[in-house]
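Next up, some structures in structure tokens.
Both complexes shown next keep chain A, but they swap its partner, so chain B is in the first and chain C is in the second.
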Partner chain A sequence: MTTTASFRWREPSILPGFGLAMGITVTALSLIVLIPLAGLFVKAASAGPADIWAVATSPRTLAALRLSFLGALFAALVNTVFGLILAWVLVRYDFPGRRLIDAAVDLPFALPTAVAGISLAAIYAPNGWVGSWLAPLAFRFTIPFTDVSIGFDGKVAYTPLGVMVALIFIGLPFVVRTVQPVLEELQSDVEEAAALLGANRLRTVFRVILPPVLPALLTGFVLAFARAVGEYGSVIFIAGNIPMVSEIAPLLIVIRLEQFDYAGAAVMATMMLLISFALILAVNLVQARARRRFGDV
Partner chain B sequence: MSVAVTIEAIEKRFENFPALRGVSLDIQPGELVALLGPSGSGKTTLLRLIAGLEEADRGRVLFGDIDTRALSLRDRRIGFVFQQYALFKTMNVADNIAFGLRSRPREERPIASEISKRVKGLLELVQLPGLEKRYPSQLSGGQRQRVALARALAIEPRVLLLDEPFGALDAKVRKDLRAWLRELHGRVGHTTVFVTHDQEEALELADRVAILNAGKIEQVGSADDVYDHPATPFVCEFLGEVNKLPVKVVGSQAFFGDRPVLGGLSQNQGGPASLYVRPQHLRIVDETPLALPGTVEHLRRNGPLRRAEVAVEGLKKRLDVDLASQVAPAIGERVRLRITHGNLFAAA
Partner chain C sequence: MSDATLPAATAPARRDGSRARGESRFVQFVLIAVSLAFLLLFLLLPLVTVFVEAAARGWEAYRAAITEPDAQAAIRLTLIVAAIAVPFNTVVGIAAAWAIAKFEFRGKNLLISLLDLPFSVSPVISGLVFVLLFGAQGYFGPWLQAHGVSIIFALPGLILATVFVTFPFVARELIPHMQSLGSADEEAALTLGASPWRVFFTITLPNVKWSLFYGILLCNARAMGEFGAVAVVSGKIRGETNTMPLHVEILYNEYMGPAAFAVASLLAGLALVTLVLKTLLEWHYGDAIAASRRH
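And then the complex of A and B:
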């Protein structure tokens, strides 16, 4: 597939409303998004090249960014798999308590993030309900012929693992709620057609059912990821916030603000913004391509 | 390759609603059978039962002498064309058609070059050569229909089942596809069952027509059989237009009121009955015995035919009469009608 290089406005419809809609869009977008972001760039730039470089490459900054982005990525991936399965179960099966679970999916949306964070921290703390049960599961082994050792030391709260638990918690509804309507709309006759053509269940699921869901799944993934990158409230209680280990980037920004290092905070914020923007844009491009190809039948 | 299909005393309920109430039907190898009936009569349900997509509460379906309950969906080798086509929209036309071949167990699966050759051949068969790379969203309704058919034919089905194959298409395309399907059936010769609620389509296309009403088969027969010799009042009314006259049978004559309207009856079924007469079987005649007097109240055109509506005393509904071109009564004119052919059913 090739994309055309020339740029053209999409033909405005003959129905009126384009001017008004465009005007409102640009105004609102400017007031709420563009102008504050521009302010951020200006503030960051005011630091001067040397300071910018120092903040951007300091080990603490890099460690925090790495934790935030990799943690968010991992959490979004877990949510994509788990959210898809959850949505599938909610759409396809009828069982007692289905409505209850369906409603519970939205709780991470509604709960104040601090409440979620404190609850998670309490449950996963070494003496908490889940934490005390996880402690005996500690293990560690060295991969043969290498120096790499992997393991789990029985702790979740106050470690990077705790950060991911919180990020998974707050991201789950995004995937479920974007995928659910698409699954509901899937025509059962396509599945029946596949079965009559001789496809086994596995092939039907992966070749027939999932591909049309993929764009929505990708959207859910991006939303969960974006939310997780910026998440603050629920993470800081369970993370333990040990610099270089379990300190997330948003927290480090707040710490810099509290130290009146506004430029430093702005530089970090700008870095987060640019990385997020690039990632989300990439995913959206992939998606737009899929949409164009398959259209709606 | 084609097999005989035997449907034995099938019953099917949805919750408490009886969708099929004891349906039996024998289909010969290579035969083209239409399931015809009004909406909700159970046509789709019967077709899905033959395919194995629904399970019967009672009765069974045989392919040759194999009970289909012993076969998996794959082993039934059914080519099914869904009403909405059910194409895989994330696959292009070639992948759609090849899907069945690629779904076979590894040892039975043709090699890639063989598959693409088969796809090409099938696309030619359905007269869409060169469309391999298109996606379903880039096809017209008629083209989708034919891709769906090619996909169903790719697995070399024992039985081909089509649910309202032309339902979603406009009248012109329907006519073209109808002729094409008839011709295709002549060439490939699958045992084929198709569902339709369009009686013209069923009569024109099928070797035999099975007419369903409220979960029961009312009559099975060739187009001529069911049209000329309807077994039940329902079949008579469902297949084309018909006038209905309440009559009384005495001896070999049918009386409307105290006037004899039809003679030479062989049935010994005295008493009240309903006489069904098609518009083309009413003729305006000069004075004869066995004629029905009436007044022309309306004249209209119905395609190539001219049609008079004649009011008859004692009958609420006007009679539709097809006019031979040379006779042209005026509105208000008194005429006499002779019934040249009618179907008599004892009143319920």
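And then the complex of A and C:
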């Protein structure tokens, strides 16, 4: 097989064990991940066009998908802003407790989602530590000459806002941990050059420091977003799960499954996966372009 | 910059805010205050609440909540699931890292992406795929029923779902570390006549032991704490298919808040131990596991 020099499946090596290692990896990957996921797609496809259309366009499905994706988008944006500030503070400044804070950032990775979920629900419930303090802040404001009214009715738990609180909790470390190493490796000479050439600090930050950090920031945003879209455990306790209002897509999949609507669950799961994969692919393409411009980060 | 000692020497100086290129003291103070407030509100408050709520009814109530038979069964089941899923993923992770880090072959990037795939799948979907395969109305459901084998609503389903969600952890810590080490040591040992397994156990494994431990640590934390995937396949039969996170959910939904937080505090304790060990590993063996900071 490897006698023809024109095509080689793998480079020759004196190290042993390629066949065994590759065999274990591919077998486990196929049995645990690939075949089950393929089963999901087959199940969804076998539902038939009419059923797929009915599930995909039902108002409840669309409301749940909208909440999951928009909530994840909002939470990822919040995390991008605060994650960048946090990473900056951790890399550039020295203050008491810095290393402790640095370690605490990973808490959402370590804390089981159900634990975070009941805790957030208790904190933000109307009688909770933060919830009771938010209630008096309620306000409503109608934009003049329109029927559009915006406001905050003093409740976070059991509303879409509660969903976002949980998604912010779960996504923060992704942004901090992708941006931090890039900030650490940033060379200070360009910054000094910018300062010496007369740029003020704000200009230096936006024109010199942030551009090379941007690809990492985007990666962090996507990771936080992808995690938030599918998040279940930390959300369902604080969300209140009111259909059409605060019911997230993963929960609707569980509900369909509990009603033995396997096809409906499979169709919805497939929609979620396809949208997520498409977004991740799109961002990877954007990133490949950014990489070419700013070098490997 | 040509001096090799310079990069190390400049690292601490970066934190010196008084330099002309740094921010003013006031801006620094504001940014630090914003960061701390954000962390306090979104991260530390939930953690503290778990312990405060768990302790709210006193020690006796706490002890009763975690020693009652259903809670004990849940703790036992969580340990059993982790004891099977974590070693499995460790072996697969080592095999994957060996194949990917030590050899050059076509499709390597695709394989790496596929190994990471479970991270971009919702936990609920990770459970759903196994229900579709092995559930009563799944592809193999009728056959399994005819042969008296239960996977869904039983231990095998819990293990499968847990293996799925924790699949990438060990491999993704090991691959970058093994790649950075290269294979020169192993090649030398082989040339000198060592057997392949001896090379693996006396050279490769000791070289990567800390990143391996790091990966196992994260894998275990997720395996014991997994909720969404396990919730879908468990059926939540008390004393039988209820893991600790599921037990927390049931107690909470039955308005037994203090008991729920008591069991939750055990899981939060596990998270804290994980976090402390992880941080110690990063401080002492930071170079070895540097790649893992890019989660």
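Rule of thumb we're sticking to: the second predicted complex is superposed on the first by the 261 of 297 C-alpha atoms of A that agree within 3 Å, B and C clash if a C-alpha of one lies under 4 Å from a C-alpha of the other, contacts with A are read in each partner's own complex, and residues count from 1 in each chain.
The definition used in the following text is that a contact is a pair of C-beta atoms (placed from the backbone, for glycine too) under 8 Å apart; a residue touches a chain by one contact, two chains touch by 3 or more.
The model shown is predicted, which means the values in this text are computed figures rather than measured ones.
In this overlay on chain A, chain B fits alongside chain C without clashing. When the two structures are aligned on the shared chain, A:V105 is found in touch with chain C, with no touch to chain B. Of the two partner chains placed by superposition, only chain C is touched by A:L40; chain B is not.
By the touch criterion stated above, A:F82 is placed in contact with chain C alone, chain B being left untouched. By the touch criterion defined above, A:P211 lies against chain B but remains apart from chain C after alignment on the C-alpha atoms of chain A.
Of the two partner chains placed by the overlay, neither chain B nor chain C lies in contact with A:A288.
In the superposed model, A:A195 lies in contact with both chain B and chain C.
When the two complexes are superposed, the chain touching more residues of chain A, out of chain B and chain C, is C. In the superposition on chain A, A:R203 makes contact with chain B only, not with chain C. By the touch criterion defined above, A:M244 lies against neither chain B nor chain C after alignment on the C-alpha atoms of chain A. When the two complexes are overlaid on their common chain A, residue A:A265 makes contact with chain C while staying clear of chain B. When the two complexes are laid on top of each other via chain A, the two nearest Cα atoms from chain B and chain C are 6 angstrom apart.
Of the residues of chain A, those at positions 189, 192, 194-195 touch chain B in one of the two structures and chain C in the other. Of all residues in chain C, those touching chain A in their complex are 1, 10, 14-17, 20-23, 28, 31-32, 34-36, 38-39, 41-47, 49-50, 53, 88, 91-92, 95-96, 98-99, 102-106, 111, 114-115, 117-125, 128-133, 135, 137-139, 160, 163-164, 167, 183, 186-187, 190-191, 196, 199-200, 218, 221, 224-228, 231-232, 244-246, 248-249, 252, 257, 260-261, 264, 267-268, 270-272, 274-276, 278-279, 283, 290, 293-295.
Contact residues of chain B toward chain A in the complex are 51-53, 73-74, 76-80, 82-84, 86-91, 99-100, 103-104, 135-138, 144, 151-152, 154-155. For chain A in complex with chain C, the residues that touch the partner chain are 9-11, 13-18, 20-22, 24-25, 28-29, 32-34, 36-37, 39-40, 43, 82, 85-86, 88-95, 99, 101, 103-123, 129-130, 165, 168-169, 172-174, 177-178, 180-181, 188-189, 191-192, 194-195, 201, 204, 223, 226-227, 229-233, 237, 250-251, 253-254, 257, 260, 262, 265-266, 269, 272-273, 276-277, 280. Contacts from chain A toward chain B in the complex involve residues 187, 189-190, 192-200, 203, 207-208, 211-212, 214, 293-297.
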